[in-house]
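Notes follow the structure.
Here the chain labels run A, B, C and D in written order, and each chain numbers its own residues starting at 1.
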C-alpha cells in the first residue's frame, strides 16, 4: 500500500504576536491561519502570543484562533523572543506607543488603520519604525480585495485614461441608535474621528489610485453629542463626529468628494468608490465585493454602458489560491491576502503600504478635521507643517 | 345597432404656446398631448403656437407635435390671443426676458429650469410674474415622477424620522468628448453653469424634501477650456464647468453633499438622491426610475436591509391614469404629470413649484458658483443680498 | 415680426377604430397619439371611433383619449367608413370574430395578443385576413422596446454565436388573492390561458430570436379553482391556470424553459428572457426595461463578466424620436413604436409581425396546454394537425 | 507585568482524514481550520491525513493546508487509527466505495455531493453507513450560507405562507469551450451528470424548503459530444450533458422548474433559487450571496416590492462568529460553517443532512436523467423501485 511521505521541507517559522483580541485581532488571526492555504510562502506564520487586558476573554480568543499563548499586557508580547512580527489590532489611540515599543524591540510591525488618532502620534510611530529600520505595514486591508486591486491595476494600465473625478462614500449605522452607551469609539483620542476610522480606507484608496490630496474643505456633524457611560451612569460627551464630508483637490488636477457617516439607517457598512477618467469609469461597491464596474468610452458606442466585471478571474490580482470564479470571497479574504502578501518574501522585501503611507492618509484626515472645524479650505501641507511644530 | 353619442361635454380649451422646439419643447408638447389621457381635466390643452428661429425646423416640429401654428419669433407667440399659457423651453439665458414679456401680456407662464443663468435675471423673472399676478410654474419635472413624489411623501409622513444627511449626484458624459464643437451650452450666460443645469433639479429636490439650504462650500473644474466654434472655426472659450461639487448646510441642521458632472464616461444621465433620517433611509436612482429604496430602522431587525419599492402602486402619488404596476413609465411621464398637475384646476388654483421656487434654487446655485470661485464657505443669504444690490 | 407658416403639407389622414376601451384600448390610443411625435410618418393617424358596451365608460374613454366618436357595438365601428384600421383590444375570446368581420369589411386589422383563446379560432382569424388580403398585425408590443429589439438585432448579428439555451419567465401576482371576484380573465374561452396571456409574448420572443419551437412538455396548476361571481354571488369555476411551465425544443437544436405565473407574490409583472449562445449571453429583465445585459466570450478574459447596455443609444433600434440616453422610456413607448412602425409606410408595405405570427405562437400555447393536460411530450406539428381537423 | 495563562483546557482532538486534495479537499481543509475561529467547539479538529494519487501534489497540499501527513492511497487514510472522520472529496464515481470502506472501518463519514454517479451506488453508500451505524453527512454546503439558511428558516416560520412555486437555475460556463480536453468530468460514471453535479445542490434546497419531489419531466442536451483525450490524443466520447432542465412536482402540491447548464457564456457559477408561496416570495441569488430577497403580501401595499435583506445580521442563522454586518462572507464560509455544525456536538448528536438525504436527492437526479432519456414524465418512486431491483 502506498504511503506518501509527510511534509518534511516545511519553510521556517515566523512568530506573530497579535495585540488585541477584538474583531480586528480575530480578523488578523484568520488571515495568518489561512495565508498558507492560498499561497506558497517562504515562511510558516505561527500565532505565538495574543494580548489583551481581559484575562478570560483573551485566553478564550487564544483557544479559538489557535494562538499558543495569551498575555494580559502587550509589553509582554512585544518582548517575547518568539514574536518576530508585532501585529497591532487595538484602538487607534494606542497604536503609536505600541508601534514605538515594538520598533525599539526590533520587531517588524503591522498596524491596523488608522495609524493614530492624530497626526503627531502617527508621525511618532513612523519616526520610530524608521529609526529602528524594521519592516512595517499599515492595515489598509481593502486594497487586498481582488476587485479593489484590479481597479488600481486598471487605472495604472490606462484603462480609464487620466483620472479626473473621484468619489468615495462610506455609510454605516454604527452610531445611529442614541441608546448605544458611551465607549472608547466615541472618544476621539481613543477611537479617532469617523473620518479617520472609515475615511482612512477611502483616502488610502484615493491616494493609491489618483495620487496625492493637496487641499480640502469639509464639514462634520455630531447629532448625538452625549451618551450614557455604562460605568459611571453619567452622561459622557461624544467628541467623535457622526458624519463628515469633504471636497478634495488632488495634485494631478483631479477633484474628489468624500463622505463618511455612522448614522445612515439600514446601511451596515456600505462603501462605494468611483473614478471617472478621460476615457472611462471604474466603480467598486463593497456590498457586492466580487464585482467591479467598468465603462470604456473607446468601446463601440453600440455597446454603451458599463460592464459588471466578475473580479474573481485567475488573471486578476489577489485571486491566487482562491475559489473558482463565481464562488465569491468575503471580507476575511482581505486579511488572508494581506498576510500572504506581507509574508511572501519574509524576511526580505519591502512591505507596502507601510506606516509612512498611513501617515500620509493621517495628514489628509487631520486636514479634513481641521477644515471642518475652521470652516475653510486648507492645504494639507500647511496642516502638516503646523501639526509637527 | 347601438351607437353611443360622440363626446359632447368636452371641457373648455386652454391655449398653449411653446417657446422653443428643441428637446424640451418636444417634451412639453408630449406632456400636454397626453395629460388628458391620464387625468380628467377641467380644460382641454390645445397646442396653439410653437416658436423658433429656424423656420423649417419649427414648422416640422409643429407638424410632428400637433401644434397648430409655428412662428419664428417668440414675441409673436406671446402676443397671440389664443395663447393663454406661455411655456418656455429655450436656453436658460433667454428665460427672464420671455417670462417678463409673457407676464406683461397677462399670460400664465411655465418656464423650464434653471430659471435663469444668474440670480439677478431670475429675480427679474419672479418680479415680473408677481407684478402681473399671473399663474407661474417652474419646470422641475422630476418631482412628478411617482418614485420621487413618493419619496417626498414618505419623508413628510415621518417614515425616515428627521432628515439628517442628504446626498445628490448627477453624472453625465455630455461634455466628455473634447471634439464636441462649441455651442450655447458652453457659454454660461446662455446655457447656465452645470451646477444650475443639472444641479438645479437636485437642489430643488433637496429643498423640497429637507428644507432650506443656508450655506455652501464648493469647487468647480473645467478640463476642456476651449472648443472649436463651428461657425468661425476659431477656438472659443468655455466658461461652463465640467464638474462641480458642494457641501451643503440646511437650516434644519441637516447636512448635504451635491455633485454634478458632465464628464463622467459611460454615465449618460445618472442621478441618485439619498436621504438618511433618524429612523430610516430613502434612495432614488434615476436609472431605475420606477423604484424607490427604503429602509426603516423600526422594522424587525431580522429583516435588516432596504426595500426596493415598486413605485407604481395605485396608492402612490403621480400614478393616476398610468399603467398597471410593473409595466413602468419613463421620462416622458414626468411631463405628462406636470401638465396634468398644472392644468387640473385651470384656471383656478395656485401652481407649485412656482418661479419663486426656481429663484430659491437659483440662489443656491449662485452661492455654489461663487463659493467655488472664492474658495470659501458662503451663506446663501449673503450671496442673495449681494446679487440683488 | 416673423411668423412662420402653419403646417400645410400634412400627410393624409388614416382613420383608426379602437375596439375596446380598457387598459389595452387606452395603450393603443396612447400609441397612435404619440407616434407622429417620435417619427415622421407618411400618414396622420386619426382616432375616429372607439367601441365598448358600457356607454358612459366608452364615452369617457373617447374624451380622454381624444377619439372622435364612441359607439356601443364594435360592428358599428367596423362598418364606419372613416375607419381604415380596426385595432382590436378586447378579451382574447372575442378576437377571431372581430378580425373576421373587419377583414370582410376590407379593413386593415391590428389585433392584441393572444390572437385567440384557442388554436381553431386563431386559425379562422388568419384565414379571414388572408382571404380578404388586408394588412394585419398582431400586438406583440414588447418587440418594440429598444432593449428587446436590440437583443434580436444582436442575435442576428451573431454576437452570441449560435443560440443554444433560451429561458423566459413571467411572474405576476394578478391572480394571487383568492378574494378577487370571478371575471372573464378566469374563464379560458374568454381570457385565454395564462400560458397564452403572458406566455404568448415570451413564445413570440423565443420564436423571433431562436426560431421555431417543435416540441414541448409542460405542467399547469390552478390553486384557486373557484371564485365568487359578483353578479350571481355564486361560486364560479376557474378554468384558467395560475401557473404553467414548459420545456421547449427548437428546430435549430436549441432548448428552452418557459414559466408563467399569476400567483407570484410581490412580482407585479416581472419578465426575464435570456439566451445563451455558443459565444455569448443576452439577458433582458423587463423590470429594468432600458437595459440589456450582454456577455461575449470573445472579449478579453480580463474583463470577464456581462455588460449592462443602456439600450437608449441613438444607434439602437426603436430609439428614434425618443429621449437622450439615460432618460428612459416606459411601457407606453412600446405602443408608440408599434403604431409608428406600422403606420410608417401606410398604406404600403407588409406589417410584421402579422396574424400568422400570432397563429404560430398560438400553436405553441395550445401544445403546451395540451402537453400539460396529457402529461407527455408533444410535437407542435401534431397538435396543429389535430386542432385543425 | 501581567501574563495570562496559556490555553490549557483545550477540548479533545478529533482526527480528520481528507480523501482528495483538489478544490473540494482544499475547501474542506479550509473549513476545519477555521471552524474553531467562529464557533466554540467541543472538540479540536486535527487534519491528520490527506490522500491523493499524485505524490508531489498531495504532499504540497498537505503542507499548504496544514495536514500532518499525506498518503497516496485513500485506503491508508481510512485505516489510519488517528483518523476518526473520513471526509471524501474525490470525484462522485469514487464515493460509494470509499464511504463503504470508511463505514466498515467504523469511521464517521462526510461525503461531498453528489453522493454517487448513480442511484445504485448511492444506495450502497447509505446501506454501508447504516449497517455500520457511523455518523454520516453529505456535503450540501450551500445550506450553511446565512442567506440560504435564513431562507429555509423563514419558510418554516410561515413568512411566505404555503410554498407553491419553486424555481432553481444554475448557470456555469465550465464546459463551454469545445477545446477543453477530455477529463473525468466528461465521463458520467466518474463525474456524474450535470444534473447531479450542479442540480444536486438545487434539488437538495428544493427538498429542504418545499418537500419531496414526486414526479419529473426533463430534457438534456450535449452539444459538444466528443473531446480530445490529452493522454491518447484521440477523440473521447462525452456522456455528460451540457444542459438539463426539468419540471418538478412536489408531494405538497407545489410545482417547480429546475435548470442546470455548463455552457452559459459569461455565467461563471450563477445560481438562483426562488420560492413563491401563498403569502410571499423569497429569492436567493448566489452571485450576491450575502443578500436574500423577500416580499410579503401582508405588508402595507404602500410599500409594495421586495426587501433586500442583508443576511448577515446577528439574529440570522449561520452568522455566529463571523464579521459585523455589511462586511460579507464568501464561499469558504459555507465549509467553515459545515465543519462547525458537524463538529459542534462531536461525538454526540445526529448529523444533518446525512447520506440518506443525499440518496433522496440522487433519486430525483436519476429520475430526471431517465425522464430526459425516455422523454416522458416519471414518478420518482418508480425510478427508485427499478433502480434498486
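The definition used in the following text is that contacts are C-beta pairs under 8 Å (C-beta built on N, C-alpha and C of every residue); 3 or more make two chains touch, one makes a residue touch a chain.
Remember, it's a predicted structure, so these values are computed and weren't measured experimentally.
Farthest from subunit C, judged by the mean position of CA atoms in each chain, is A. C-beta contact counts were set side by side for B-D and A-D; A-D has more. Our note on geometry: subunit A versus subunit D, Cα centroid distance of 34 Å, whole angstroms.
Mean C-alpha positions place subunit B and subunit D at a centre distance of 54 Å. Counting only residues that touch two or more partner chains, subunit A has 267-268, 304-306, 310, 325.
On the side of subunit C, the complex with subunit A involves touching residues 291, 294, 301-310, 313, 315-316, 325. The touching residues of subunit C, when paired with subunit B in their complex, are 1-7, 9-10, 23, 26-27, 29-30, 33-34, 36-37, 40, 52, 55, 58-60, 62-73, 75-76, 172, 267-270, 286-290, 310, 312, 323-333.
The part of subunit B that touches subunit A in the complex is made up of residues 160, 164-165, 167, 169, 171, 173, 176-177, 217-219, 221, 223, 242-243, 245-247, 249, 253, 255, 257, 259, 261, 263-268, 276-281, 295-297, 304-306, 375-377.
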